[in-house]
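Order of writing sets the chain letters: A, B and C. Residues in each chain are counted from 1.
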Amino acid sequence: MRPGCFLFSWARRFFKAVIVLSLIVLSLVLFLSGCGVGSSGSSALKGKIKISGSTTLLPIAQEAAIEFSEKNPGVRIEVQGGGSSVGISQLRSRIVQIADSSRGLKGDEDDGTLVDHRIAFDIIVIVVNPDTPFRSISSTKVKDIFTGKIKNWKELGGPEKEIAVVVRDLASGTREIFDEKALGATKVKSVDSAPSAIECASNGVVREIVSSTKGAIGYLSYGYVDKTRVKPVMLNGISPNLENARVGRYPLARYLHMFTQGRPTGVTRNFVDFVLGDEFQKDVVSQEYIPVRLVERKGK
Amino acid sequence: MSKKESNGKLRQIFSASRSEFLVRIPLFLCAFLAFFSVLLIFLFILKESIPAISCLGLRNLFFSTTWRPNVSNPRAGSYGMLAFLSGTLMTTFFAMIIGAPLGIGTAIFIDQVAPPKIREITRRGIELLAGIPSVIIGWFGLTLLVPFLAHITGSSGYGIAPASLVLAIMVLPTITTLGTEGLKAVPAELKEASVAMGATRWQTIYKIIIPAAKESLIVSTILGMGRAIGETMAVQMVIGNARQLAFSPLERTSTLTSRIVTDMGEATSVFRSALYAQALALLILAMCLILLVRFVTRSREVTT
Amino acid sequence: MDERKSDRLATLVFWIFGALTILVLGFIVVQILVRGIATAFKPSFFLGKPEAIKAGGGVLPMIISTLYLVALTMVISLPLSVGAAVYLSEFAKDGLIVKFIRFSLDSLATLPSIVFGLFGMTLFCIYLRWGYCLIAGALTLSILNLPVFLRSTEEALKLVPITYREASMSLGASRWTTTRKVVIPSAMPGIITATILPIGRIMGESAAIIYTTGLFIRNIPLSPVDTAAPLAGYIWYAQSEAMVPDYKSVVDGGAALLLVMVLVVFLLARYLGKRFQNKSHAGK
């Protein structure tokens, strides 16, 4: 009798079980993916679109990709983040067809071939924890708070409470715009925002922390301001609303863009049209930002 | 010893065979993979961090507390990691203050005090605790520890304190498991002799067992430190991700690992390279710990 | 008398240590399960696709990603670690090379997993231009877990009595034949039992895979070169990005689900370990 025979047979049985199990899992996976393929309707559109760029726009672009490819199963869309600059440089070297950007083109990026599609308008709203007694803060004080010069609400005449500054991560286009327009950063000189600031990867987390932390101050995209949880404050006494932003009274506002290399063609054009279409603008874009037509129609 | 001898004899008989030579090579390559991987990891991390080192210099990179990256123009930023290095060391230190006594205490409990059934339960519990994913412990910390600390201290709740607590939980299994192994290795005769001489259990533990197992207890603590230094996700969720050098446990800061995760997304050129330099610092810290373990265990090999 | 008192006190303190450890574990497990279990086993969550910005997403592609990643990692690292362990315990002479290998294994065991993640990203995803994919994650995790697997395999090989080897060799079998036909088969149940526990670790690993495998997908990954999003990484992503309005319940549910998966693996390892023990006792 071979030594270790009892163990050997046991091992063989175990292996058999593992193989059967993995076959079951594999067939399940194939079945499920088969379902996905089977449900595809008949649509003429076929093709592949690659998108990269701003993380601010990432969720909107992802949602657009989901809805568009549900309607047109022949189209595969890959959406990636990477930041506005990365997206634009990838578009220029034709790695992607669409670049998401939370800012306009900068000097050397604008070689005249890129076409701008404004897909949303955004107002950045400064918000504080509801316990904070201030309704308006001046722009110099905002600067002092976010750069860490003012550390306590007491210095503004408020209660004795440490100010917890909440900012977005460096990758964020919202942070870039805020640093530039509220804190005076330039391309060469970045602003030293308060070193004790909590850095968050998204609007959702900023809102969560500001609403749950006493003494907190942060900034949010317009669509994320939920007045039951955070308190929006006025900047120099000016309310952060659409009217003020559109005419330029409220400075913390910007367009969000999708860039293409020349006029878009083929599925890329269908996709851009879909994003700019009323249905997508009303159902999705309005949840986080301001639909672009609302701004431009009023402007005319 | 006898196993080694017979192995050696048999090896001699068969080492000449040619077919064996053919299997030796792939087997050797499998084993060599470990060495090769370490080398490759070191080289890649080093290669990626060279731009930052050459552009900023060691002093600005490792011994400055100013971390002020510039995303659109990376070369214009400052990339000093000292604040995060200090964050790593502080969280590790506080985690060990809580985790090491608890871990070693639990190890002694398992080895010496607990009745068999309880011992089995505790041991399995520790095994399970080792398997709980760090994101889960982080989520637990974020949703329970942070609000709790905010409530009792009046601060934001984020910072070194919750990070250290989370880490203390995570180093516990490492310290306890290795500690138990070390205690088990203490010869039973020593303990029996001590008890036979009329010593109480506490005296036996304190005077005989702990000194006998001292080195493995130290090693288990060092390896626990290794775990604390390298832990990433759970810490990133609770430490507050601030850029400042923290001086008290209630202040927010970052560790080397959490900063890499926070900033890696969009970093390019020097900025990105500076993050690799942080990984390099982590690698060097880990190597120091291994050498420390080697040093501690070497002295044991001499004495026994 | 004084000594007896201090003895009692010390015993009490050690009981408190032990109890505290188990309490912490119990508290975490119960908290996570109580909060998330209802979400975790809702069919729309368990079998649904994740959403990018709307509420009500599920995690099926993430569960499949995790299982796929575990399977791939095992397929890659089991042969490698068995090979390496066989070499180290059956073939190698104690020399400088073995010392180097041992030192490397210790280093691999101590390096932070984020370092493995960055390495995997640089080598596989960027340098080799694979992009985020399952195989890159599996290779990274194979290197990360090499020391663990190797140690368990070696332990299992050590348990095979030397007499088996001697018997086989005295019949004229070569060292390799002996290893292949006698040592590995007898050690196999032990190897499998010992390598199941680390599966839980692979399932829970996040720092090493967020930069190699991917964070967010909507379609079930099919081939090993597809981008995937294992559950642990997705939990981190969901709480950190908080794109969906119901991210808290997604994270609660995901955490409970992941914990259940880890618990199943843990219990399976216990069960097999016990069975293996009984068998080997019965055999002897």
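Here are some notes:
Here is the rule we go by: contacts are C-beta pairs under 8 Å (C-beta built on N, C-alpha and C of every residue); 3 or more make two chains touch, one makes a residue touch a chain.
None of these values were measured; they are calculated from a predicted model.
Identification of common neighbours of chain A and chain C yields B. Simply put, of A-B and B-C, more C-beta pairs touch at B-C. With centres set at the average Cα position, the gap from chain A to chain C is 33 Å. Averaged C-alpha coordinates give centres for chain A and chain B that are 35 Å from one another. Chain B and chain C, compared by their mean Cα positions, are separated by 17 Å.
Touching of two or more other chains is recorded for residues 239-240 of chain C. Among the residues of chain A, those in touch with two or more other chains are 201.
By the touch criterion stated above, chain B contacts chain A in their complex at residues 68-73, 76-77, 83, 147, 150, 154-158, 240-245, 251-252, 262-263, 265-268. For chain B in complex with chain C, the touching residues are 2-3, 6-7, 10-11, 13-14, 17, 19-20, 23-24, 26-35, 37-38, 40-41, 44-45, 48, 101-102, 105-106, 108-110, 112-114, 118, 121-122, 124-140, 142, 144, 169, 172, 176, 200-203, 205-206, 223, 226, 229-233, 236-237, 257, 260-261, 264, 276, 279, 282-283, 286-287, 289-290, 293-294.
Interface residues of chain A facing chain C in the complex, by the touch rule stated above, are 2-4, 6-8, 10-11, 14, 22, 25, 29-30, 32-33, 36, 58-60, 62-63, 66, 201-205, 208, 284, 287-288. The touching residues of chain C, when paired with chain A in their complex, are 51-54, 60, 64, 67, 71, 160, 163-164, 167-168, 181-182, 185-186, 188-189, 192, 216, 218-220, 222, 239-243, 245, 247, 272, 276, 279-280, 282-283.
By the touch rule above, chain C contacts chain B in their complex via residues 3-4, 6-7, 9-11, 13-15, 17-18, 20-22, 24-26, 28-29, 31-32, 79-84, 86-88, 91-93, 97, 100-101, 103-108, 110-116, 118-119, 122-123, 127, 143, 146-147, 150, 162, 165-166, 169, 174-176, 197, 200-201, 203-207, 210-211, 232-233, 235-236, 239-240, 251-252, 255, 258-259, 262-263, 265-266, 270.
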